[in-house]
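Just below sit the structures, each encoded as structure tokens.
Consider the two complexes below, in which chain A is the common component and chain B and chain C are the respective partners.
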Partner chain A sequence: MGYPHPSHARETPVLSQYFGDQDGIGLDGWRKRGGYNGLQKALSMSPAEIVDVVKASGLRGRGGAGFPTGIKWSFMKPGDGKPHYLCCNADESEPGTFKDREIMRWTPHALVEGCAIGAYAIGAETAYIYIRGEFTEPLIRMRQAVREAYDAGIIGKNAMGSGKRIDIVIHKGAGAYICGEETAMMNSIEGRRGNPRIKPPFPAVSGVFAQPTTINNVETLAAVPHIIVRGAEWYKGLSLSSPKSTGSKLFSVCGNIAKPGNYEVTLGFPFKDFLYDLCGGPLPGRTFKAVVPGGISVPIQTMEEAEATKMDYEGFIDQGSMLGSGGVIVFDDQQNMVKQIARAARFFAHESCAQCTQCREGTAWTTKIMERIRDGEGTHEDLDTLFSIADNMTGKTICVLSDSCAVPVVSGINKFRSEFEALIKKPKFHPVTAAVA
Partner chain B sequence: MATTAEPTTAVTQPKMVNLTIEGRPVSVPEGTSILEAGKRAGVLIPHYCYHPALSIAGNCRMCLVDVEKAPKLAPACATAAAEGQVVHIYTEKALEARKGVLEMLLINHPLDCPICDKSGECELQDFTYQEGPAESRLRDPKRFNPVEDFGGDVLYTTSRCILCTRCVRFMDEMAQDTVLNVTERGDRALIGKFEGKDLTHEWAGNVIDLCPVGALLSKDSLNKARSWELDHAPSICTGCSQGCNISIDTRDNMVIRFRPRPNEHVNKYFMCDTGRLDYRWINRQDRVEVPLVRRGESLAAADWDVAIPATAALLDGHRVFVAASANLSNETLYLLSQLIRANGGTGAFTVLTGPEAPLPGVPDLSLRADRAANGDGATLLGFRRTASLLDGLTAGDVLIVADADAANITPAQLALAAAVIVIGTTLPENLRTAAIVLPIANHAEEDGTFTNLRGRVQRFYQAKAAPGMARPSWWVVGDVLAALGKGNAYYLASEVFAAMASDVSAFAGMTYDALGMRGLVVSGGAK
Partner chain C sequence: MTAVTHDHDAPYQPVFVGERRKELDALFPFYPTKMACILPALWMVQEDRGWISDEGMAEVAEVLELTPAYVKGVVTFYTMYNTHPVGKYLIQVCTTTPCNICGAEDVVGAFLEQTGCGELGITSADGKFTVIEVECLGACGFATPVMINEGFVESVTAARVPEILAGLK
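And then the complex of A and B:
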């Protein structure tokens, strides 16, 4: 099953198998589809065994950073007398990314199950699911799924009769991109302004409410039940290129492309086939110009780079970009890259939390310059200034929002300099000379 | 709520770590930040958001330093000093990063230094001169936000703000009155005030001093002086018995403002608004400027050479009743007590009281109920605290009113005295029948010490010149004693203090040098 289009034969529908399947949303339907078998099995294992299975599966964080999930879980030290927390990051706000939304819309119980297994594995009694403020439908679905799971005794004081307490709390965000940054999310859960925290201390030491905390992405947690049921070897076997990138991954595709939507492929899938075969290639009469493969925070790829890419963590890095969150944004020959990058910069300027100087001022300054160039008022010095600002914004702040703003600007100027220069060289509009002419 | 790191006074010796900052070896307790370690090594790492009394925000990114073997520049305020660390502050990489921060801080800053009250004592100016860019590359319009009244004594010049959040953290952590916040995001962000709240907390004025730039200004001292026109004298606030250390800032012999001066034993970095704004009395113009001696119906101006012997003649052989101000220095009160000892008699003082107003974030710091600086010193020196100033005045006493509040003194009480001698800064209406008036300097015009409610003896320094022929109060009383043949004349406040230290056991062993800028607690501790 696929959504909004039927599943392509070359996809690997693991998480997306029941997308578009109305019956799978409720608890009864989900159980018929094998739901909660993973949790049942997990509760019969020891937490350490679960962590080992996840480690062996090679599952890596699907939120963007790609940190090995099993290793992240092993940082938690259950039994140290403190409360532990699992936070599920469902604040999917990266422009171009809409995979977690579909998981929560169609398979909310998959996430509940993943959270329950994760919580049990790290010794947490409470799991928070932090859902993006604008996600109305996923929020309704998730709330209903959690209620159903409580009513059925799947989670709660005695999860599935195991004697373990697993509580799941849904926390609705208020519409800030930065709250998807894990420490900002923890502040937001605590009721504070969603500002990222200084690390160290890392969340595994002092996270939400200053207690040990693990933060995982929706897609990561939703994959865990499958790994528990089918085994680490099966998941590890899902790999077409680098052995360090295993499993299936959802890619959200948008922009100037024939069939936008969510696609799930085995990691290592050729990006060229993905774009032209699965997604149907460019719109009639047009050609692709550029791709942002992992949400707007990752470097822009030229088509030459994109077509040589293997779709996994290493493959995207080899071709000058990053896997990121898997939000593929496609630009075709009708698009002006300066305009697109200016828009991206404006997004970051709007969403900067305003803590760090370089980010607060740098994102806004970058936007001002980008929009001036876009409007034909730019100079060659502006490009040098942009590089210099980007340098000041990279690696010097509390979180990476400011780095993320610099990335599309730097990669955009480097790869599409001619478009910038065309706008800079364009004769300037002047009311007097225009009237004379 | 975040708590601030205090220098531990625990019995266990903290583990020390050794590091090198700019080539200077330094040893600090484990957990000390690189920034604080730098201070100990004698190097100031530029910073804005960091303040030793507040939690770490790490947001200005100004204190980025180069730590050997670290992949990225480290914020010195949020990075703990570690064994063997080698820290460089002035490498090209660190300088470039801080230059970048300064450029960013300045792009939306109005650069209106010529009309800014902070100019000259502004950290944004200081560090920009030190290592900032000479020119801005901004070609676009600056962001503008209007000036806001934050209530209390505080004005917020939004466009100058660098969002360091020191003020927000002070109100949250020290005042524990959540008034301020960061409103909006990105470069639209500004310091906001929660709906219906104002900076009316008793200690809210401290945000003005905490502000590293000209964003938070005192309405009281607005446009009164350029900072380089001010002279600064270390002093002690006379607003209550807490004894907050202050700086008296004067311009052309007029007090313009009080500002807190750090003393970790008394007031940390803070002072209350009641104390801060109570300075106008120092500038009052209706002062007694010459000694006055009664000639029949009127008081006539006289030289000190006339007034002192005349005073001694009046006092000779009489019991005295000294009505003292609780804002007189230990030195003056000691000499007055000597006069009482010599002639027989008694000394009394009153203290105005008011409601207490603590600063919750700092232990034992409060606007105290006793609204005078030296009631505890007066008690130590044998003066009796009373509700009614002239209680116990017996017929035939010579009444000495030593700058005490004379408002409640009645003609009948005055008639009881054999003679009335006023040693004061002013001559109130109801004391115009006095036989002699000796003009003295007020607390800002002389040197001396106060004893606060915890028994801490602290020095204050002369901040301005006394008017006319007025002399320091200890000098005047010393001269009277000498004229009576009961002591020596003194020429320095320190000499009076030395005499007191050798005479009064509570002050034993103390000298001005030993008191230094932090003070010492009287032996036997607080009363």
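And then the complex of A and C:
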């Protein structure tokens, strides 16, 4: 299968195997495709055994930070007498990323199953799935899947006859990129404004409703049933980059490219082949100029860097960027980088929750200066000012949205400086000559 | 696509009666606090009324044992809650970088011109349309996605705008 394109022969469809398959959406069809075998097996294991398998698989968080999932789960101490919570992050708002959407549209039961296993493994009786409010169709499909799972006794007060209670609750967001940040999401679920919280305490100690909480991305949780059924060794073996980066990963591809869409490849796949072979290369008569490989928050790559990249956590860092959320944005020779970086800055200015001065002021000023350079009103000093603002925005705030705004600006100026300079027509300001004139 | 009409001078009719009240009450057991039901409660108000008025916020405050000021603070954080009436069709066009490089600005321009709105955020004289730009809708591979009320239209180009508008009666 595959959606919106049939799977390419060089893809490794694990999560995306049933994308585009209408018959896999409902519970009956999903069961015929092996659905809930993972949960059944998991419920016969102890939570600690599940955590060990996930640890051994090397699965890393697919939401952006790449933290090892099994280790995250092991922070949840069983038998501490407190209610534990699992929050599934389905807020997917990182520009360039649209993979969780397809998981929820085509394989909603895969996520229900992943959440149920995750909840059991961390000793939680309740899992909240926080879905961004704009995702009309994923919300419908997920609500339907949860209802079917309750009706079939798969979840609820006696999940699959195990005697364990597992409640799954869909929580609809209401428009705020920042609610994808884990502590902001917990505030939002509690019924507050979605401001990120200062860490520590970390969520595993004091998370949603001040109780031990684990937050995982949709893709992370959807991979878990496969790992439980087929084992950690199988998962590691999928990857060309084991043991550091294991398994398969969905990459969303958008922008100026022949075949935008979602592609699932083994980690370690060559990025050059990915862009030119799987995704069909540039549009007719055009050439690629730049790639942002992991959502708008990661550094821009030149084509030279992109074509030398091995697609895994380390490989993107080696070539000047990061894997991030796996949202690949491709720019071709028709695009002006200054204009597009200015638009990215505007995104961050709009989405800043505004509680940190560096972020509130920094995102606004970055946008203002970027837009005046774009409009031909910039000066050479503006580039220095942008660097100085970026410096003040990095590593100094409650969450990393502030850092993220600086990233495309700094990497953009460093890698595409000539495009900035071409727009700066005013001569450099010299106090002395200005005074004489 | 649902469309909601509003009469501004009519006295406020509570939302949380009958089925809606039951729907809200059914959520309480899944959360340790009533406050956690604020987003779902606000969604119910907006689904029924098209937007959330001060009276709507006060009602949510009352049913969840909060203050109206607190509820307003929450409402204003989230961009999807309308604190003003909008047109029968609220048209939201993504213009963030990935869609921008695929021509999203032309799509916005076409909607503004052909709905008669002329300007972002303004409701057309016939009360039918409001057009706004929004940030990434999480569908960047289907540039340009446009939300029309709850509905999602993928791969919109300026050329498709007349056909889309013709479908909105």
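We adopt the following convention: the second predicted complex is superposed on the first by the 424 of 437 C-alpha atoms of A that agree within 3 Å, B and C clash if a C-alpha of one lies under 4 Å from a C-alpha of the other, contacts with A are read in each partner's own complex, and residues count from 1 in each chain.
Following the convention adopted for this analysis, a contact is a pair of C-beta atoms (placed from the backbone, for glycine too) under 8 Å apart; a residue touches a chain by one contact, two chains touch by 3 or more.
Every value quoted in this text rests on a predicted model; they were computed, and no experiment measured them.
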Touched partner set for A:Ala176, first chain B, second chain C, both or neither: both
Dominant contact partner of chain A by residue count, chain C or chain B: C
Partner chain(s) touched by A:Thr385 [first = chain B, second = chain C, both, neither]: first
Which of chain B and chain C A:Ile198 touches, first, second, both or neither: first
Partner chain in contact with A:Glu361 - chain B first, chain C second, else both or neither: first
First (chain B), second (chain C), both or neither touched by A:Phe347: second
First (chain B), second (chain C), both or neither touched by A:Arg101: second
First, second, both or neither for A:Lys396, with chain B first and chain C second: first
First (chain B), second (chain C), both or neither touched by A:Ile369: first
Which superposed partner A:Asn256 touches (first chain B, second chain C, both, neither): second
Chain A residues contacted in one complex by chain B, in the other by chain C: 176, 193, 350-351, 353
Of chain A, residues touching chain B in the complex: 176, 178, 193, 198, 349-358, 360-365, 368-369, 372, 381-382, 385, 388, 391-392, 395-398
Touch list for chain B against partner chain A, complex: 56-62, 64, 72-73, 75, 78, 97, 100-101, 103-105, 107-108, 137-140, 143, 162-163, 181-182, 184-189
Complex contacts: residues of chain C adjacent to chain A: 30-33, 35-40, 42-43, 64, 73-74, 77-81, 95-98, 100-102, 134-143, 147, 150-152
Contact set on chain A toward chain C in their complex: 4, 83, 92-98, 100-101, 126, 132-137, 167, 169, 171-177, 188-194, 209, 252-256, 260-262, 296, 327, 329, 331, 335, 340, 343-344, 347, 350-351, 353
